[in-house]
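In order of appearance the chains are A, B, C, D, E and F, and numbering begins at 1 in each one.
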Amino acid sequence: MIKKSIALILIAILFVAIFFTLANDLPFGDNRTTTGVSDKYIYHGVNDTGASNLVTAIVVNYRGFDTLGEVTVLFVAATGVGAVLYNMGRPAGKKRKKTEASLIVRTGSRILFPMMLLFGAYIFVHGHLTPGGGFQGGAVIATAFLFKYVSDTRYHIDHNKFTATESVVGMTFALVGIMGLLLTGYFLFNFLPNGSPGELLSAGIIPIIYVAIGIKVGAELTGILDNMMEVEQ
Amino acid sequence: MTAGNVSKYVYTAIILFLLWIVLTSTFFWEEILAGLVLSAMVAAMGYSLFTDKGLGNFSPKRLAYFLVYIPVFLWDVIKANLDVAYRVLSPKMPIKPGIVEIHTDLKSDIAKLGLANSITLTPGTLTLDIDDDRLFIHWIYVRTTDIKEASEEIGGKFERYMKVIFE
Amino acid sequence: MVNIDPTLMIGIPLFMGFLIPSVAIVWKNSPRYLAGFTILFNLIASTLLLIRSLNAPVISVLGGWQPPYGIVFVAGPLGSMLALLISSMTMLTWFYLPPHIKEGNETKFYMLFILLMAGATGMVLTGDLFNLFVFTEITSIASFSLLAYSRGKDEKEAVEATIKYMIIGSLSSAFFLIGIALLYGATGTLNMADLASKIPSANHNLVMMALAMIITGLGIEAEMFPLNGWTPDAYTGATHPVSVMFASVVVKAGFFALIRVVFLIFGAATEALQILMIFGLLTLFVGESSALRQTDLKRMLAYSSIGQMGLLLVAFSLNNQTALVGGLYAMLNHAIAKGLLFMAAGSFIFALGTRDISALNGMGKRMPVTSALFTIGAFSIMGLPFFGGFISKIVIIAGSMQAGTEGMLVAILILSASLIELVYFLRVVHRIWMREPEDDSRLKEAPFTQMFPMIVLAAFVFLMGIYPQAFFKVLIPAAQELLRGLGTMIGGA
Amino acid sequence: MNFYTVLEYIGMFLVFVGALFLFLGALGIFRLPDVYNRLQAGTKATTLGAFGAIIGIGLMRPEWLPKAILIAVFILMTNPISSHALARASYRRGIKLWDRSVVDRYGPYLREKEEKEGKR
Amino acid sequence: MTFWIVCSGIVLVAVFLATVRAIAGPTVSDRLVAVDALTTITVALMVILGFIYGREIYLDVALVYAVLAFMGVLIVARYMEGGL
Amino acid sequence: MIYYMAAAFLIAIGIYALMLKKNMIKMVIGLSLMDSGVNLLLISLGYINGGTAPILLNGVKPQEVVDPLPQALVLTNVVIGVSVTALALSVIIRVYKHYKTLNSDKVRDMKW
């Protein structure tokens, strides 16, 4: 009881501290007062990178290394989930009986699955023009596979194929970075022409990286799902 | 009944490519190229399940029926919607819900999906489950419990179209 | 001289991490060799980097965007020394690995292993605050997974420790990110050098709030006192090589990040250091006194590790050159000696099958070589003459003497903490050599692949005790770098 | 009164009707007595409402029309699937029909099926 | 402008009613039904918002949201009937 | 202003769940809540009055877009949050296998 109230008081203090610091010292919605780095992104971003979507310009080009790290975080987590759940499947006798999905859901998944994949592809291909991007597209692709899992209790992905895909696209990303280093002396340097903003084949290396990220994220999230499903089966 | 793999694949790729064109809504050559490549790739992953008929779906009769079906269906939906709206709005709530069983002659899964979805989308009726040719429908105002009559009342019209479009 | 860009120390491990799973499909034993190759590459690269950075800091701009707009890698003497420490400890642990990771999925272990190394290397080299956050996350997620890897007898404890560590660790990263957000709001930049130049003119409240958040966040990684609940469980439950990695890589990188941010934001010397000093002393005493009570070998080492981290905090918060050199020396010594201790303890436990200290009776007769190595590590941590720990403690105390009367008090406290250390380590050493074994059978010594890293580490412990000048050559510029405020140096970009 | 103005007025009408149906759907969810009836009103009326609103917007901005139709069709395809799955799951979970429901043919069918599987 | 205010007023009431059901609804299914309706409303709202701000990008967001929301409801439903 | 309030509130709720809830799944939910709070905080830091999404198409001018950098940071943080959640859940599966409970009090054999 005492522990609980102390914790509550601490949390309340934290809440008040965060809120009032923000409210007093960083007025919400104020026009930019500090001349921060983002001015450069906003005013020169399109010229520098060729991407109309400034967030993409930052994520893939200016701060591309963060994104490499981010992909790595997801990769580490997917690997970690695999390592943690390794050999955890239930013994054959204790398998739980599952309700099969109804015909409607099954047939729906047959029709919608390719469409969802295409949506995902659309989103990551247009990452430099629209709010999409590799991660969002990858999430949609993983959703398509999730639909498969949901509609069929016996569905399984081909592990080797997924692992190989994941490796190839991951290495593509790393190689793009290393190529930049070899060609220009800067890791992840944009060594392709920028093209004219607003077109599909513009923004230099961004589309390549986003296609790689999209496929990779899709494969990784699916891998995580598969690992978790396997434990249940 | 089912078509060959090539036919299925080509059909899937064409549908996906059309989808891509609608998504991007441009005819810029780079987009078209990307669309071709991606729909070819995606079709390879899902063509075997996407369709039963393959290119056979493009027969003029089917397309014509499909085009006619859309307004018919929409009109039905709106009519039924107004009916449900009346039931929801009226203070007494004149509803008489129940689950009835109906039968269908449709054979292919996709046709059944179309029928079930049409029934579900029409307010007042909701597909609860399908088992072979038996459909269980939750009906907001049960007019009849007889299987034959209910079949005609709920799904008859849709079924005739579905039979041509998907079978 | 061959120039290897520091970014490759991240890029190559990532590339190999992505490569390993697909090669493993065709060639089952490849992960070990590929991982070994990667670590070797990093070892060479960091050695070259250290040599280069002694003349002038090596700066690598990522993506060709000059700071503060892009991300920049800055390798001063201190950063490259830590990178070298990380890669060499990883290499030695790699030798030590084989018998301990049999039960799980080895491919995934090696992937996580090299990514852990890459994350820690990134943490010490990056010059961008948010990038630091990303690498911290890579490191901590890899360590969560490695911690949960252990199977068999320790499995139950390991998963429990993992869930604790995960919850505390994620809390910490959230705090860290809030701190970063506040700093960004106050200054509009994320580059560390740029931050350092803008902070004096920024809103004071925001900066203080951000500092509190960041210290809380990184303090957890660095085992600071009220936040170190995860440590003993984690060290105990993990497989032995993973414990080694925790003690000498993960915690060191986290500690370095903490020190860097604090020194960066304040350019050194303010009341924040006083607070750190108090926390450091608390950590020191809580750690050492808890270690005194333990009956479990690895747990005792874990608490001793907490105590040592407290000592480091105290040394750094004294904020003068001598103390800083001592602190850095202690950091090196602790990484090496504690690594050695954990390896030896791992070999004992592997042979005996129990972690109980009382089972160690007469180990000197049953496993003489390992026992000798363990003793060397213990002596070094205790701070006996002719071992590395002695020099570090002497220098820290000398540094605290410079800080006036207050410093005298600190020196006395450090000495008394060392006394506690002396007691509990001597207890173990006494058991190993003086007691009669209950069971006189000779146990099999560890194989050479395991003995080799321990011998190398022991050699380094001796070297640090006998010939400290070699190390001071690197440490003094490193300390000066810290004192100047890292900011000025990164600003040279 | 050119073509686009007419389209715009039709679009506005559709958006208004859509909003109205969204409201009706929500009211149905609020008022009707059990899960199945709520599903009836809720998902269907809102689907039509969303359909109307989206197509209406598409008409007001003809260059958006293809994508708007796509979203609308997607909703039209997915919503019945999810509401069907929801109804089926609720029934199998044992959520009862409203006590004034007149007929239930599904319950006996399920019991029969269970018995058959139990014997096997 | 008045038109949009009227429309959003109506939708707002709808959102409110559905939210009340989502909070009150005696069973899990009731809440889920309300959430399902809310997601549909959200998709429509996103398209309308896109029109008001004059930015096409909202349509993409709406599309992705429709996909994800659909899967969310479906998964919970399958979980409820014991199919996962 | 209300965004700051909401962000601080989400963070507070998240920490509350982490510290005081017994069920480990609820702790993970608290983790996600806290993450959302931090993300909201970052996003609202970058907002300017009347700003729109930072995608310079269809004649949007640089002056009227919000700060894109926090959004990029949020994108990264979202992915990190997902990773941590996935890993935490899989670890909980293992904990459950050994202890047959999700109650964190019963899991604590060892002292903190």
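FYI, contacts are C-beta pairs under 8 Å (C-beta built on N, C-alpha and C of every residue); 3 or more make two chains touch, one makes a residue touch a chain.
None of the values given here were measured: they were computed from a predicted structure.
Enquirer: Which other chains touch chain B while also touching chain D?
Expert: Joint contacts, listed by label: A.
Enquirer: How many steps does it take, at the fewest, to get from chain A to chain E if each step moves to a chain that touches the one before?
Expert: Step count on the best path from chain A to chain E: 1.
Enquirer: Farthest chain from chain C, going by mean C-alpha coordinates, please.
Expert: Ranked by distance of C-alpha centres from chain C, the top chain is B.
Enquirer: More C-beta pairs touching across which pair, D-E or A-B?
Expert: Counting C-beta pairs in contact, D-E comes out ahead.
Enquirer: Distance-wise, how many Å sit between the C-alpha centres of chain E and chain F, to the nearest whole number?
Expert: 22
Enquirer: Roughly how far is chain A from chain D, going centre to centre by Cα mean, in whole Å?
Expert: Distance between chain centres, rounded to whole Å: 31 Å.
Enquirer: Taking the mean of the C-alpha atoms as each chain's centre, how many Å separate chain C from chain F?
Expert: 28
Enquirer: Would you kindly tell me how far, in whole Å, the mean C-alpha position of chain E lies from that of chain C?
Expert: 49
Enquirer: Give me the residue numbers in chain F that touch at least two other chains, ranges are fine.
Expert: Within chain F, residues 11, 15, 41, 45, 53, 55, 57, 69, 76, 80, 83-84, 87, 91, 94 contact more than one other chain.
Enquirer: Send over the residues of chain C in touch with two or more other chains.
Expert: Residues 130, 134, 137, 141, 144-145, 148, 178, 184-185, 190 of chain C touch two or more partner chains.
Enquirer: Show the residues in chain A shared as contacts by 2 or more other chains, in ascending order.
Expert: As it turns out, chain A has residues touching two or more other chains at 18, 22, 26, 32, 36-38, 41, 63, 66, 69-70, 73, 76-77, 80-81, 84, 99, 101-102, 104-105, 108, 111, 115, 119, 126, 130-131.
Enquirer: Where do chains touch, given as pairs?
Expert: In this structure, the chains touch in these pairs: A-B, A-C, A-D, A-E, A-F, B-D, C-F, D-E, E-F.
Enquirer: Can you name the residues of chain F that touch chain A in the complex?
Expert: For this pair, the touching residues of chain F are 1, 3-5, 7-9, 11-12, 15-16, 19-20, 41, 44-49, 53-57, 62, 65, 67-69, 71-72, 75-76, 78-80, 82-84, 86-87, 89-91, 93-94, 97.
Enquirer: Sort out for me which residues of chain A touch chain F in the complex.
Expert: Spelled out, the residues of chain A in touch with chain F are 4, 7-8, 11-12, 14-15, 18-19, 22-23, 26, 28-32, 36-38, 41-43, 45-46, 52-55, 57-59, 63, 66-67, 69-70, 73-74, 76-78, 80-81, 84-85, 88, 129-131, 133, 135, 197-198, 217, 224, 227-228, 231.
Enquirer: Mind pulling up the chain A residues that touch chain C in the complex?
Expert: Contacts found on chain A: 17-18, 21-22, 24-26, 32, 34-38, 40-41, 61-66, 68-70, 72-73, 75-77, 79-84, 86-87, 160, 163-164, 166-168, 170-171, 173-175, 177-178, 180-181, 184-190.
Enquirer: Which residues of chain A touch chain B once you look at their complex with the stated criterion?
Expert: 102-104, 106-108, 110-111, 113-115, 117-119, 121-122, 125-126, 199-201
Enquirer: Provide the residue numbers of chain D that touch chain B in the complex, in ascending order.
Expert: It is residues 21, 24, 27-28, 31-34, 36-37, 39-41, 44-45, 47-48, 63-64, 66-67, 69-70, 76-77, 79-81, 83-84, 87-88, 91, 97-98, 100-107, 109, 113 of chain D that touch chain B.
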